[in-house]
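Let me begin by handing over the structure; questions about it come next.
So that you can tell them apart, the chains are marked A, B and C in the order they are listed, and the count of residues begins at 1 in each.
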Amino acid sequence: MSDTKKMCVVVFGGTVDKLYPAAIMASGAVMNDMEVDIFLTFWGLLAFRKGTPKQLSSVSKDYEELGPEMMRVMSEKNVPSWYDTLVQAKEMGNIKVHACAMTADLFEMELDDFEPIVDDIIGVGEFVGMSAEADTTLYLG
Amino acid sequence: MSDTKKMCVVVFGGTVDKLYPAAIMASGAVMNDMEVDIFLTFWGLLAFRKGTPKQLSSVSKDYEELGPEMMRVMSEKNVPSWYDTLVQAKEMGNIKVHACAMTADLFEMELDDFEPIVDDIIGVGEFVGMSAEADTTLYLG
Amino acid sequence: MSDTKKMCVVVFGGTVDKLYPAAIMASGAVMNDMEVDIFLTFWGLLAFRKGTPKQLSSVSKDYEELGPEMMRVMSEKNVPSWYDTLVQAKEMGNIKVHACAMTADLFEMELDDFEPIVDDIIGVGEFVGMSAEADTTLYLG
């Protein structure tokens, strides 16, 4: 048995502010030499459709007043996008990105319809099995 | 000590798109022969008031543009409702559904005011105790 | 090694209804004699800026119809605010409140800019390390 700690992350939310934490938490896990399994589902999966990460600009409506300010500050400070942050973390560590089979089926999408960062399409049963063995699991709603 | 793995799920969100994952994650746990404890709180509990699951049609405002498309596709493909999916998972596996006592008190609701899938009303202290022993806990915000 | 159970909580959401569960879950952990580490990030951190907890009144737009009713009932029943609930839990138990360094940097905020309940500013790597050792971790989206 390996001593490597594992983190599982469910990415359900699909606005820019909700996707940043997926990338940031995964980066934090990589800093701790942890393995990461990311499960993209619902709006979180739709955000990874080919071409979407570059276009996506929506911020959760709950923070409409603060959203533009956050986006402006991020742009001023040249903060990399949530997608580039995740790509970078994946290059540096052991991160696997899985698409939820049910959501993919629903929208009749195949692996090729997603950004190349997505490794495969798996069922929820397989992901929950991973999560049961992980040291920590985050559900990003 | 039993070898059965356990999952805890907090259901805070109360829109259709946020309730589906509660049912789907619970189904995934059942596929893995895991025990599941679901804790319904705030908007998640209000969604289980008698009669509400059948009427509920709201989708998170963050995905207003994608919501109608998702609902249309689900209807076309005869995807069972989030509530029926959860009922089915509960029939097949070991799922307990708990209402949050604080939320129930706040709205002066008793066990009889909820859909029959709700097993009991428990305090947050009892739920957190379950969660501390679980192999994985998801907070569905 | 200590037998004390530990809970980690990420507070990402920053509306009143999303902040209550942070305080309530932490209280539940204190009831179970657990140690709690709370990590405030994004909108959750902005809610802890000096002066903000008293002014904050927003409820998630997904529950616009139910929100005013919930706020009215809470006020009628003299339910303490989410912030006072958290302060009380912290006085009774072992809760540490950490601000996310990345969010603080982004908005050029220092420890002194936050309510006194915030203990320190830490990086996501340090928090994920805590979470990997915790018995349960909740991400409040």
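As a working rule, a residue touches a chain if its C-beta (ideal position, glycine included) is under 8 Å from a C-beta of that chain, and two chains touch if they have at least 3 such contacts.
Note that this is a predicted model, so its numbers are computed, not measured.
A.B. asks: Roughly how big is the turn, in degrees to the nearest 5, that lines up chain B with chain C by CA atoms?
C.D. replies: 120
A.B. asks: Is it true that over half of the residue numbers where chain A touches chain B are used by both copies, so same, or is it different?
C.D. replies: Comparing the two copies, chain A and chain B contact each other through largely different residue numbers, since under half are shared.
A.B. asks: Between chain A and chain B, what is the separation of their C-alpha centroids in Å?
C.D. replies: Chain centroid spacing, chain A to chain B, equals 23 Å.
A.B. asks: Could you say which residues in chain A touch two or more other chains, in rising order?
C.D. replies: Residue numbers touching two or more other chains: 12-13, 18, 60-62, 137, 139, 141.
A.B. asks: Under the definition above, what is the set of chain B residues touching chain C in their complex?
C.D. replies: 8, 10, 12-15, 18, 41-43, 46, 58, 60-62, 102, 106-107, 123-125, 127-129, 131-134, 137, 139, 141
A.B. asks: Along chain B, where are the residues that touch chain A in the complex?
C.D. replies: 5, 7, 12-13, 17-18, 20-21, 24-25, 27-29, 31-32, 34, 60-63, 66, 70, 73-74, 77, 79, 135-141
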